[in-house]
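Chains here go by letter, A, B, C and D, matching the order in which they are written, and residues are numbered from 1 within each.
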Amino acid sequence: SRFQYVRGFESEARLLPNTWIVVRIDGRGFHKFSAKHGFKKPNDARAINLMNAAAVACMNEFPDIVMAYGESDEYSFVFDKRTQLFSRRGDKIMSSIVSFFSSTYVMQWPQHMVDAEGQPEPLVATPHFDGRCVLYPTLENLRDYVAWRQVDCHINNLYNTTFWTLVLKGGLTEYEAEQRLVGTFSKDKNELLFSEFGINYNEEPLMFRKGSVLHWRRIPVTVTKEGPTSKADPTPVVRTVTRQKLTVIVDHCDLLQEEFWTEHADVFTSSSVYANGPREAKGAAKGRGRKAKHSSETTTIVEPKEAAPAASEASQRKRTAEQACGE
Amino acid sequence: SRFQYVRGFESEARLLPNTWIVVRIDGRGFHKFSAKHGFKKPNDARAINLMNAAAVACMNEFPDIVMAYGESDEYSFVFDKRTQLFSRRGDKIMSSIVSFFSSTYVMQWPQHMVDAEGQPEPLVATPHFDGRCVLYPTLENLRDYVAWRQVDCHINNLYNTTFWTLVLKGGLTEYEAEQRLVGTFSKDKNELLFSEFGINYNEEPLMFRKGSVLHWRRIPVTVTKEGPTSKADPTPVVRTVTRQKLTVIVDHCDLLQEEFWTEHADVFTSSSVYANGPREAKGAAKGRGRKAKHSSETTTIVEPKEAAPAASEASQRKRTAEQACGE
Amino acid sequence: SRFQYVRGFESEARLLPNTWIVVRIDGRGFHKFSAKHGFKKPNDARAINLMNAAAVACMNEFPDIVMAYGESDEYSFVFDKRTQLFSRRGDKIMSSIVSFFSSTYVMQWPQHMVDAEGQPEPLVATPHFDGRCVLYPTLENLRDYVAWRQVDCHINNLYNTTFWTLVLKGGLTEYEAEQRLVGTFSKDKNELLFSEFGINYNEEPLMFRKGSVLHWRRIPVTVTKEGPTSKADPTPVVRTVTRQKLTVIVDHCDLLQEEFWTEHADVFTSSSVYANGPREAKGAAKGRGRKAKHSSETTTIVEPKEAAPAASEASQRKRTAEQACGE
Amino acid sequence: SRFQYVRGFESEARLLPNTWIVVRIDGRGFHKFSAKHGFKKPNDARAINLMNAAAVACMNEFPDIVMAYGESDEYSFVFDKRTQLFSRRGDKIMSSIVSFFSSTYVMQWPQHMVDAEGQPEPLVATPHFDGRCVLYPTLENLRDYVAWRQVDCHINNLYNTTFWTLVLKGGLTEYEAEQRLVGTFSKDKNELLFSEFGINYNEEPLMFRKGSVLHWRRIPVTVTKEGPTSKADPTPVVRTVTRQKLTVIVDHCDLLQEEFWTEHADVFTSSSVYANGPREAKGAAKGRGRKAKHSSETTTIVEPKEAAPAASEASQRKRTAEQACGE
């Protein structure tokens, strides 16, 4: 039609190739939203598990996400630097993620936000998130990015834990607690928690202290198949077959340590596909993204719903206990 | 922390001032999504009403949206050209809209997507939308934009109506119907519908033919108040007070005609606030955006759930029958 | 070659259609450059005429520039809002202008920067300019833009005139002059100039007070042609032919007044070609840009080299005295 | 003033940190420009030396340029990935380079573009260049970028050399030469040159075959100083002092080989300063950019004016024969 020229006003900006794409989303007005829905203070494991479940669903929907990191009302999704998703159109990538996350958050609310009797809390406001795309040219910058978020998590969580302990266990008013913490350093808060309340901050649940780190792992899955063994012999037999399924793992590891990065070195340091030009680049990207094969075999595994405060660090990490998103 | 420098990699691009901002969202893979959920063909009034309800909720949440236009799985939101929402940061505006829309779509699914017995259809996939921001410098360009979408609606709807009539009433296979329509013009399809099936296309529901146009209207609302009439006389009396509430109207008018634009000339042609510099600009924007006052008085009114095919054009438009989003 | 993929890292961002494009260039470090080359204080008419000549050359090279405004070491070029120059690629437009301007500035230096004996000053440093593209969606915004620059010119010129009068005629040191002007308003400076030095600021040369406004005008030019009058009669005759040549005029009008805008209303308010879609847009743009025809007939006219301080305002404006760029 | 709000329409986009910035400029319409000024075919060493001299001047003016590569009418400038020049505002960086290059090109024209008698060719058109900024996230990508340009140089030069040999020595028309070369590969052209004209392409001047590579080198410079040796003994003595001057070298090396990159590994692989946050980044950048110190000691060295065809490869490279830009 004669109106079609308006299409020319759209900008189809593509993100710089060969660069890490981070999509960070953050709940809008979650201070109010969390209060309205009675989130536990300072941390509500149900709410965090719901965030994690929504993020896991995003990874399964967009397998070019190589890792994700979440804390409080925010989640950061890191895409393979070679991704060709939506031809690297930043607004399509970012909007699809934030939309998919939002829908999943609402859809899975009833499973996660249950009260002591197992009844879902009513959803009385509309949870929604803003989103942004940020580019990081080097792995070093990317690691510093996630470190930045994890340090943010630590600082906020130590503060919030001390603050709410003072209020809920110490009987201070919120104003008094705030005043008490003015000018204190980390070690002061650790000391206060221990000496006045017998709380060893380092024994608080990892999920609260470290946030959540999502990544992929191949997990052997044994399935039972029935059928003929060969064309020659049509007699059906029952066999067990073991396959490697790409699965999202919810971890709470320390991203400032080398361990995580060493373990996943293949994901983060694969030599740039661009060295060999775009043909290979496309091939590689397609490999990762071959949705059909890949996601049909995906099992989503997350932490137990209630973070276990007394468990050892090791046992808190990387458990594949429950399937959270039964999609 | 020493990681904070990564913040500097974010770009805070702001959209050109004094320009119409259009956020268009479009369902991702709704071909499959609509099939999976048994959307009626070619139009499912329930699904359209759900889209409309989500869009109405967006307008109430972001009152700087001056109008919205929806058809099929897409919605376009037009912001006041003077809006200062998120300091005109395009990604925050766009992501917040697409996120709010998605969440509302899922939240209101059960009310809208009900079967003949009034039972909600199960939601078995995750509806999500991509989003984009487009700028239009003049009202003429903006009008051409919405005209472009409405013409798109018309062309698709005429095609789909004819196609599905051939299949569902004419007994053709989908392939045969497609072949039958190759090379036909609008008048051929109108003729085919009329001569072979007795269908007058112009009597099809307006909502299907024109899509949905959302805009604001002040509606007088009478409330009962109890209290003293003056400081001098403290005796409480019961009074009825009539207030003008800003309300979203769901209309199905023809945007290629002058009528709509004449009627809302004040909204679309208010002389640029920028002529008088930024101070006034901010004031004006704040006026529009004064969320608390404004939205607490907002009544959201949408079309009846089932579009009435036999009603006259006039009666199909601008009805304020039911409150769709009981937020 | 296998390296060609690097091409994909370029961004071909196009400027928003139907929007005024302003390219502003500004001399880098002209404080030092002007000192090094002994520019007269506060204004060196030779230097300003050189700037003007370079700007005129730019307009002749890029005829989609509808007007230009210059003051001090800066020049703003306003493109037809419909221009399709370089497909509206902002960096190509801006870089070509700033490059063409720079080259011309150096090429024409010897003609303009002459001493009292008519000898050119040696060019002992490399003049260069930064450039930027700014978009203005409405004519109102565009007018405010040029008004902003002209007001800037006025404020600086009044200050500089007073400052250098105090120093050069009043015998104050630069420090004393600066102190004397702290906290003064325009009327104070006018008063000071008049009461202490007998200078009526409003009689200073228009070019200094208002800067320079470049625009196009059709000027009748009479040429003598020799040839047969018709195919039938081959006898060659000599005829005089009068043609309208598009010519750049250097003016010093007040852009805050209506006059300029009324006079050139056709240029600035021609109804948007986009209303009728892109085909016409292209046609129109091509019309304007048809380089060959257009520029072969272009005569560049600028002010006399030395701005005449005593002349009446009217006589200072729009003179077509000398041809500055003999290209 | 009340017009100042228009400032808000400017976008101050900053280039992604920690990324290689390449500014490439390219002569506009140099096909015509070179013809008009009688450039020798296929290569005019004078014109290439002029391009090189202008590029050398740019490096001295903007010392954050770590290397530059030129061929034909284009030049690419590579900035230190950590540069904070103009706060990484891409348009300021790009426009300043293209402007400085253009001015220098015109200023140095008379020294370089001389005829057999040493008389400068008149400059009868305005040389100008377009410019663009491209970002490359990794060194690998950057190397591929310059390789891309150098391969382009090779392909064009082999073609042009063969084409003009056929025309100038073989007596073919331009059309015949073109036809003759249709469908030929590199080895065919090499063969043709050798068997028909006795030309060994590999003995053509390096500057033509490889283009020009500009980089920095510290060169010991011995200066004679006169003055007292110490405060105690005021007797002035004459001493020779040897200093390391940062100097631009014009080279014609093969950028597809490792040698160049190994030799300058310190420049290209210095561990990212961003790992330690922005403070160090600034320090480092300032170090590089400390204009005063740095450029006062800069000696610009370029190739001899006429590329010596018979000289050995080694002798053609990195000579510091003449000072081209006597700034």
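Everything below uses one rule, namely that a residue touches a chain if its C-beta (ideal position, glycine included) is under 8 Å from a C-beta of that chain, and two chains touch if they have at least 3 such contacts.
None of these values were measured; they are calculated from a predicted model.
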Checklist line | Selected pair, greater C-beta contact count between A-C and B-C | finding: B-C
Checklist line | Inter-chain centre distance, subunit A versus subunit C - centres from mean C-alpha coordinates, in Å | finding: 56
Check: Any idea how many Å lie between the Cα centroids of subunit C and subunit D?
Finding: 32
Notebook entry, point to check: Distance-wise, how many Å sit between the C-alpha centres of subunit B and subunit C, to the nearest whole number?
Noted result: 47
Next item on the list: Please set out, as single numbers or ranges, the residues of subunit D touching at least two other chains.
Entry: 3-5, 9, 16-18, 135, 141, 144, 274
Check: What topology does the chain contact graph adopt: line, ring, star, complete, or other?
Finding: complete
Next item on the list: Over in the complex, which subunit B residues touch subunit D? Could you list them?
Entry: 2-5, 8-9, 11, 13-14, 16-18, 274, 276-278, 281
Check: What residues of subunit B sit close enough to touch subunit A in their complex?
Finding: 1, 3-7, 9-10, 25, 28, 57, 61, 86, 91-92, 94-96, 98-107, 123, 126-136, 141, 144-145, 147-148, 151-152, 155, 327
Margin query: Help me check something: in the complex, which residues belonging to subunit D touch subunit A?
Written below: 16-19, 135, 137-138, 140-141, 144, 272, 274-275
